[in-house]
Structure formats: C-alpha cells, structure tokens
Amino acid sequence: MNEVAEAGIPRSSRALWQSIKDFVAARTISTTGIILFLLLATFLLWPLIAVLIKSIAGSEGFTLQHYQNFLTKPYYYQSLINTLILGVLTTSVCIGVGFIISYITIRGPRFLRKPLKMLALLPLIAPPYIFALSLIILLGRNGIITKALNLNLSIYGFSGCVIAQTLAFLPLAYLMIENSLSTLNPNLEDSAANLGASQGKILRSIIIPLVTPGILKAALIVFVMAISEFGNVAILCGRTPFLAPDIYTIVTGIEMDFSMGSVLSMFLILPCAVIFVIQNYLIKGKGYTTILGKPVAAEPRRINPAILIPFLLVSIFAGGLVLLTFGIVGMGTLTNIVGVDNTFTLNHLLDWRSNMAMMNSLRISLLSGFFGAIIGVLLAYVIVRGNFRGRTALEGIAIAGFTLPGTVLGIGYIFAFNKPPLLLTGTMMILVINCAFRFLAVGMEAGINKLHQLSIEVEEASLNLGASAATTFRRIVLPIVFPAFMYGFMYVFMTSMVSLSAVIFLVSPGQNLASVFIFQWANYGYIGLASATTYKLIAIVGASLAIIQALSRWTGLRPTAGGGGA
Amino acid sequence: MKKILISLLLVLLFVGAAFTTGQKEAAAAKEKLAPFITIYEGAGSVEIAGKVAKLIKEKLGVEIRFTSESHGVIHSRIKAEAPNFTGDMALNIGFPLMVEAKEKGWSVSYDSPSWRGAGDVWVDKDGFWWNQGNWAFVLVGNKDLLAKKGYTLPESWDELLDAKWKDQVVMPSALTSGTAFMMVYSFVTLYGLNTGKGEEAGWQYLEALNKNVAQYTRGGNVPTDLVGRGEFMLGISSDEMVMPRIRGGYPLLYKVPKEGIGFGSAGVIILKGTKKLYTCQKVTDFIGSTEFCKFWSELAGYVTKDPSVKPALYGGIPRYIPNINQAWAVANKGRLLEEWKKRIGRAPK
Amino acid sequence: MNEESRPMLVLREIYKTFGSVKALKGVSSEVGKGELVTFLGPSGCGKTTLLRCIGGLAKPDAGDVILDGEIINDLPPDKRGTQMCFQNYALFPHMTVAENIGYGPQVHKWKKKRIRERVEELLHLVLLEGMGDRPIDKLSGGQQQRVALARALALEPKILLLDEPLSNLDANLRVLMRASLREIQKRVNITTIFVTHDQFEAMSISDRLVVMHDGIVEQIGTPGEIYEKPSSEFVASFIGYVNILNGVVRNLGSETEPAVISTELGDLQVLRSEDDIEVNQRVFLIIRPETIQVRPYGEATGINEFKSTVITSMYGGSTIKYTVDIQGKNIVIDQFDPSNVGIFGIGEKVTVGIPQNVHILKK
C-alpha cells in the first residue's frame, strides 16, 4: 500500500475501511450466494424467460397467435400427443426394467451383480443415439435380423423411437433407482420375512413403497430426457411428428420460425413442469427419515424363483440388448456398408475428419466439467451453510436447470445471448456455459450430501482457532467436499461429451462438437462413419474417466455421490 | 492437503491446456494466405465437403474448417447470424442464398480472373457469387430390392404414383433441404406451369406422390444412402452422392426419367466482414479453375461452367425439365414453401 | 423327557464360517422355557451370528438348532416360531404404529377384527395405548423400540430374539427400557434371547448369561455366578474386573490356615475356600476393587498390607475411586463412605490392605 495514502487517511476512514472489510468477511457466504444467484438467473432463468417472451411476442407487442396456430393445426397437437405417449411409454419401461435390474444387482445372485451393473451403466458413456444406429443395422428394412427372419417391419416411427429411447435412458433410471434401493435397510425385509411375508408381498408392501420417491425422481428425469434428447427420435421418427426434432427443424431449417419453435418449447416444458410439481408434492408427503442405525450386511436370501426367474430374464434381456447394441455398432464400424457389403474395413475407423470436433468436445467438456463442478460445490456450501432466505430457491433453480429439456435451453441460449451485453452466440464459451449450468446440479447435490455429514462445529472450531473464513473453506471444507467436486466434474464432463439436444443449436462453423458431428453423419445416412466415430467418442470418454479415476485413486480422493445420485 | 493441491494443479493444467489450444486466430496478413478459413458447406454431405477441403488443402495449403448442412439449413444459419458471420465464406450453397446474400449485402464482390467470361449463369455480373455447378435430382432405386419384387426402375415420374410403391419412396423435406425446394419448383413447373393448368396441377402431383412417400429426410442426399443401404426401394435424391455411392459398392440404380430432371445452381459467396479476404479470393479463383471443375463433376456429377468437362453421371448435359426458372423460384420461395408445408410437410399424415 | 422340563431351545455344536473368518467354533447351549438368556461378549465374538443362526437369517455350517424339541436348521425364518428384533428396529417407515404391529397378522390373513384386537392388546402391553395412528418417525427412540417389540410379539412366537435392542438409546432411557423390557418379558412369559456387549445391562436383565469370546462359549451361568466366580481371565476382565494379579502357589495352607501365593505385589495370604490348587501352580488372583482397604500411611504391619502411592483419585459422591501404585503395579480401589478415613490426594502415601478372600483362577 502507498505509504503517503496510508498516512493521509484519517483515522475514521481507516475504521470505515476496516468495517467494510469486516462486513464483507462476515457476509462472505451471503455475498457468494448473491453472486451465484445472479449467475443461475442469467444462465438458467433468463434463457427460459427469453423463450417464453419469444413465444408471445408478435410484430406489435403481445400476441397469442402462435399458440393459436399450434392448437388449431392438427399437425402440431398430434406432435404433442406423440411426444407425450413417447415420454410415458419410455418412462414406464425404463422405470420397470430399471427397478428389476436394480433389485437383481442389489439382492440377486452375487456373481451376476457386478457384470450386470457394468452393462446397465455402459450406455452412459455413449451418445444416446447409438441405439438408433444399432436399430437400423439390426431391424432396418435391410437390417440383419429383418433379412435373416424375412420380417416385414418398419422401425421408422413410433416403435423404433420408443425402443431406442428406452435403451438410451435405462442407465439413468437404473442409476437413480439403484441408489435409493441400496440405501434400503435389509433388516426391513428380514423383519417382514420373519413375520411371514412372501417375497412378492415384501416387494409390494415394503420395497416398492419405500423406493417410490427414488422412482418418481428417476421418472421425471427419464421423461424429460426421452422427450427432449432427440438424437434417436430424429433419426428414427420417419413421418411421425415429435416436438423436439420439430423444434430442431423449425429453428434450424428453412422455416426459421423462432416464435413457433418457442411455442413448441413451451409445450415441451409443460409436461415436465407438471411432473416436477406432482413429484415434489408426492415426495413431500412421503419423506421418510433415515432409518436409525447402520444396517447389518444381510446374507443374500434365496429369492423365490417365481420372482427371480422373470427378473433375471428381464435383466439378462436388457443387458443383452445393450451388449448387442455395442457389438452391432462395432460391426457397423468395421464393415464397408453394413447390411449391403459386409466386408471388413478399417476405412471408417481411419477416417479422421472428426478429429477437430473431438478436440473441441474434449476441450469444452473439460472446461464445463471444471466450472460446473466448482459452481455446484460452491452452491452446495452456500445452501447448507448460509442462513439467508432463498437458499431453497437457489437449489430449486439449479435442479430445474437439470430437469429442463435440453432442447429448450439450447434455443433459449440463442435468444438470450445473441446481442450485447451478453453476446455469446458463435463463441466456444456459450457451449461451455450451457453444459456447465445444465448439469451443475449433480455436483451440487453430491456436495450437499457431503456437507450434511460434516458438522458445523468442525468449521467453528477452525474459526475459533483463528483461521479466516477463506482458510477454513480451503483447509477444512474443500478436502471434505472434494469427492463431490470430482463426482460433479465427472458427470458434467461425461454428459457434455455425449449429449446433443442443447449444444446442437449452439455450435458454429469450425467449432463443431463430436456428438453433433456424429448425429449429422447418422442423420445424413452415413451409418459406418457414424458408428466408427461413436466408438472413438466412447473410447475417449472411457479413457478420460479411467484417467480421472486413476488420478483420484492416486491422490486418495475418490469421487463419491454421497448418496445423491442423479 | 498436498494431494489435493497436486490434483487441483493437474486439473488446472488440463484447463490451461484446453484454453491455450483454443482458437487463437493469427491476424492474417493482407497478401498472405491464412493457415485456415472457416466455411459453411451447403452440400449436406460431410463426405463431399471433406473431399473439397482435402483438395484445397493440397493445392493451396489452406485448411478448411467447415460446417456441412443441407442448403436450407445453411441458408437459415447465415440468415440468423447476419451480419456477424462466424465463417469467412460459403461453398456449394443454394441459388436462393446466393441471390439473397447479394440483395441483403451479406456477401462481398470480387472480380475473379478464373471466372471472367463464363457467362451470366455461372458468375454474377457484379461478382457477388460464382456458380460452382448445377446439380439436379434423379430417381434412384435399390437393385436388390427391386429384383426381389420383380420390379424395374420406373421410366417416368408418373409411374411413381402407382400404389405398389406405397411406403417405398424417400425424398428430402423442403423444410430443411434445398434439394427438396428444387424438387418442388421443378415438379410445379413440369406438371403445373408447363401444362398450362397452373401451379395447382403441380401440387396435385406432389400430394399424390406424398401417399407413397415413407419419409422426408433432412438432407437432399439422404435418399441415396437410404435406398443404397436397402432401407427403401426408391428415392428421389440429389445427384451428388449417386456416383460416389455406386463406386463405393452400393447396389444403386439411377435414372433420368423421360420427362427430364430439375436442376439448381450451387455456388460460392465470400461473406462480408471476413478478416481473410485474400485467402477467400484465392479459394474462389481455384474453384473457377478447370482442375476444380473436373474434380467437381467427377466427384458429384455437377454440370460446371467448363463445357469440356463431362459429368460422369450423365456423360454430358442431362435431359432437364424445360422452362425451369430459378429466378422465378427464388422470388416465390416463401410462398412455395408455405404451400408445401401446408399440403405436405405439416399436414397430418 | 417330559414337556415341562424340556428346554425351549437347544444349540448343539454350532459352526459358522464367513470366508476365512470362523465366527462360531462349536457353540452349545440351552435356554429354558420363559427364561431370559443373554449372549454377552465383545463385538466380533459371534453372538449376533449365533442369534441369526437361531432366527434363520444365517445358516450354520454344522450343528443343530433345536426349538421346542424340533430341529429347525432348514426352516425359513417365518416357519420357525422365532421372532427377531433388530438393533435398528427395522420398523417400516411408511406405516403407522398399528400397521407395523399388525403387519404379521395381516400377512397371515387374520380377520380384520382380530387384528385390531391383537394390536390394541399389544399397544396396551408396551404402554403405547392410543398411539396406533402415529407415523413411525413421530416416535421417540424408546417408543420405536417398544413398537418393534410389539410387532415381534404379535404372532406369539415361541422365542424372541433381541439383537442389542437398547444400543440406540441414551443412557437414562436405556436403564428405564431395560426394566420395562424385563417386565414385559416376564408378563408374557416368553422365552427370550438377548444379545449385548454391555455387561451391566446383561447382569441386570438376565436369568442366565452366556459369555462368548472369539466364537466359543467362555462361561454360562447366572449373573451372580459369573460375577463371583469368573471362569477365565477373559470373563473376569470382560465383566469389569481390573485388579488381576499373576501368582504362583507357594503353600497350600489348610482349612484354617490361608495359602500363600506370591504375586507382583509380594506374597499374599489367601483363604482357599474350595479352589482346587497345587503347590507351584500358576494362577490368577482376582480382587474386587470394593474389597480393598485404604488407610493413612503407617507401618504396613497387618496381613496383606502394602505401602503405596496414590496415582489418581476420582471423587464420585458415595464412592471414591483410587488408583494406587504398589511395587510398580496399578491397583484400583473403590472406597465407600470416605468420611471415615478421609480423602487422599494424588501423590499421597497410603497403606493398602488386600482382603484374604480373593477369587483364585487356575491358569
């Protein structure tokens, strides 16, 4: 500090300076909270509002003309109905099968648990539309199975979309249900069995009611994903209209009708919002406090064959389909023209045109993983430790961002950030921000779980010992929430690498992303190249995750969800 | 604590690396070729765009970073980005965009030596666009599927209306594809304007055809691939990928039906605001060279400005539907597309 | 054997291994009708595993579980007539108190009316009348414990298995619940096995104790027997003895003359009672803290008197607990009514008198 100034400052103003410093120190958490709120408002709420505004803005002020167009043209409401049916069908099957696989991997035969779990989670590292590719190769009109069995079927339409979306989002359903099933105290089942309940009765009266909150949570996420991640749907829908791919066509195609795109987006949000509200209401009434004590590791009980056999069949069938998909896409990778000219070739694999897009994806995913995780953990800290009002709102906005259809946030970003002062369209930053903010809720939830385990007294002790709030955060809190940070990082990274629905609206020439690139290849009919590039993407995501895992093992800091799960 | 520091450091390194390898565009010197330019490719075919990029890299040493989408999509994109374009120029874009860019002042003019004297069809008289070549749409069929049913490839567009082709025909969607727009104005010309019955007759043909169409695809070349892979028996497709696919071993048949085929121009514009004008001009010059014309017509069957180059697909100038007027089509584009949307694209199935 | 004298439960040579860990190494025991028997031992001694073997949640590798004259090894938990109460209660959190208690009867398809009556009866028994409609998470720990008990009793099992049922309660509540548990058990006259690692809890509640260690039974007996005559050093130290001396018998003495045993403290005169020992035998001497005398420092002239220094002194109201150093060995003393001799401070020299009647344990 300047010596003259120091000497020149009168005592009172130095005291004022000190009191400002004290104030800031005392309000660190609230200040951070406000900054975070502004960030969330800018990058999650504002785009959403921008979509809403666009949908009701006419050439001269407010209008409901666009909504009227939507509701009076059979094409559009047919599209809405189709979308809802797709969502409901996909969600029901995902939840049912997800529950069955969870049950088997938690209570089933030991030797099956791990492989089945791996299989069920495998699709997470692949772009969801890998299932559209495999369906075409297998069941297209010239597909392997179609030809072998001489079938006359068409996967272009409803059935194909439902199958592909179901397989694509099964891992998500599984992950969330497994998370809630695994925290279930096995003694509850022991008790019920001891009282004479059959396994069917235990499933019905104990297990299912208790994992219902987890199931509802999973249902919401799967529903949103099924109707908004449109990779599979765009490739397989044929002439059946669905909202999400139509938004893509309307916004990027010749029509370029942003107003209609916004109206479609609003109708895409509507069912999600309804479920969000219902789910919160339902869970509120049924929040079970954690059951006391630590569960004793239960010896695997013999599962009644009447339950075990159908459950096993479903699990193995689903696992088999995943395996088949990866195998068949591998075959698509290594054959000249799959189904036409099945000779072996490395040409698709040795095609390096996607390199630039891969690098971009990697770069953007690393950055968004990093920012998403940091902001997520900071949010967690502010939410758990702050005592200002609106903390729950903060958490709610972040979670809403996670549950919003990606398609909507994609076009919302176009409207919200295409003019100064927030001119971001066309930059790489917009992609990073979009991915980071969409998925930061995962790191946040993990962080909240971790922080709940750390009692406030530990931090107070550190403060009592004379450490500043910043030091306390760095020395005490950070090491404890670091695993949550890693978990958030991994999730954001992985999802940013493979997800499509939002970024496809935001990529610009020279900054293409791998997931978009592959989708375009697939959508323009290059199955071999799309398959090969998908495999490369899977390899990169897999290798990155392995490196991160190894790194955390080496440093002794394992990423953990802390029971959060998403 | 040390461990955390180490891992944080590693993460920071990661991020640092990500930043530094980012887009650092070297300010291009005026008379020097830039190391790379960013372009929009209207081919809707990553493959064609990639081959063009490869050739330019070989000949000029300029790396082409491209976004490839259908004509329609690229058109929307440029319209949306105007006047701050992320790309330096656009290649192989549809005639409507070439015209609109000139009108709206999105493109810059240049008197390219290799295009001088090519004629009004090929180069804008004020030098705002250059027609890389005319492309067309053809009828394609899957050899194996047709043989299995004992069918042959139809000789005329009329035959496509036969109920036996139900759900067996694919063509591009006019909501995304410039090729599809070309089909719309071509059929309206063939069945409407040329017969003297007015546009309506053209629409009636398209509506009748709609009954047999299984899918409207995003890109004009997609039908070639879908039919080639045996997903569908017949397709009305852009001619660009037909030759490459046949060479690649797809069991494809193609035909110019007796009524003729429609065509459209696809060309080059340099976008206003580019910092690499010199490089763009050199690329434009190269595209006007005989070498490129030869490459272009061999690769994708284009009819180029160079009469000495015979497109491999047709062995000469193909039989076109008479009286196709691109200027009329462009002037009526909005109306035609709205009509298509109403009658076909957004009509309940 | 007639019905009345037959034990309710017989355990015959039970073995159980988890991987490489031998949890039970041939455990045998008997439990009489209406008796409350506690399996006592440190964690990992196999007591919970044994309980689970009885309840059918674990299957013994070898040996028989005989309940009411019937070998039940291969029966599933619900067909055995046993009912287990878990440490964490395992109450169904989504059901009310009454639904929890009525779960068993409901599963067994009892008539609605009968279920209601049974639930009322049990609520009365566990002093939760009128609380049937409460959700589980609105109950205190002690109330949850009683719901768990009522639920287990609903089907009138032959034997009740309680796995550390009081360990989740705080200290005061624990003592109260202990008494109430015992009372309910007596009232219903149900044969009960109680598992705990808390020796005071075990002593105060049980008819008999089975002290377990490392997969084997160390000693079986009434609380008095176990306390007065621990059969091994392990039992002695586990039930709370701190003063255990190593000794060698020097002189057997006689009916009237005490034996002489040399220990770390020096030679001690010990009344033999019925202990069967020989000269030169190595033994443990177990000295209860409350039997040791302490007085102001003076000539150590009496029998078994030693000079020592106070190391710690803890005032506990009616008792004062000292640790003193005798010849480098720490001895713990509980002195009642310290007003007689005064309170000694740390570092003060005192004279300590070891009683002649100590428990001798052969090595």
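General observations
Just so it is clear, A, B and C label the chains in written order, and each chain counts residues from 1 on its own.
By definition in this document, a contact is a pair of C-beta atoms (placed from the backbone, for glycine too) under 8 Å apart; a residue touches a chain by one contact, two chains touch by 3 or more.
As the structure is a computational prediction, the values presented were derived from the model and not from experiment.
Relative to the centroid of every protein C-alpha atom shown, the closest chain centre, again from C-alpha atoms, is found for A. Sorting all chain pairs by how many C-beta pairs they have in contact places A-B at the top. Here the CA centre of chain A is 35 Å from the CA centre of chain B.
Centre-to-centre separation between chain B and chain C, using Cα means, comes to 87 Å. Distance from the chain A centre to the chain C centre is 53 Å, each centre being the mean of its Cα atoms. Residue ranges on chain B touching chain A, taken from their complex, read 1, 3-4, 6-7, 10-11, 14-15, 18-19, 21-23, 36, 38-40, 44-47, 50, 65-69, 72-73, 75-77, 79-81, 84, 86-87, 145, 167, 173-176, 181, 213-219, 221-222, 224-226, 228-232, 248-251, 337, 341, 346-349. Partner chain C is touched in their complex by these residues of chain A: 185, 187-188, 190-198, 201, 205-206, 209-210, 286, 288-289, 291-296, 298-299. Interface residues of chain C, counted against chain A in their complex, comprise 48, 52, 55-58, 76-78, 82-84, 86-94, 103-104, 107-108, 137, 141, 144, 151, 154-155, 168.
Interface residues of chain A, counted against chain B in their complex, comprise 73-76, 78, 136, 140-142, 154, 156, 234, 238-240, 249-250, 252-256, 336-341, 353, 356, 359, 362-363, 366-367, 370, 414, 425-426, 428, 475, 478-479, 482, 489, 507-512, 517, 520-521, 523-527, 529, 551-552, 555-557.
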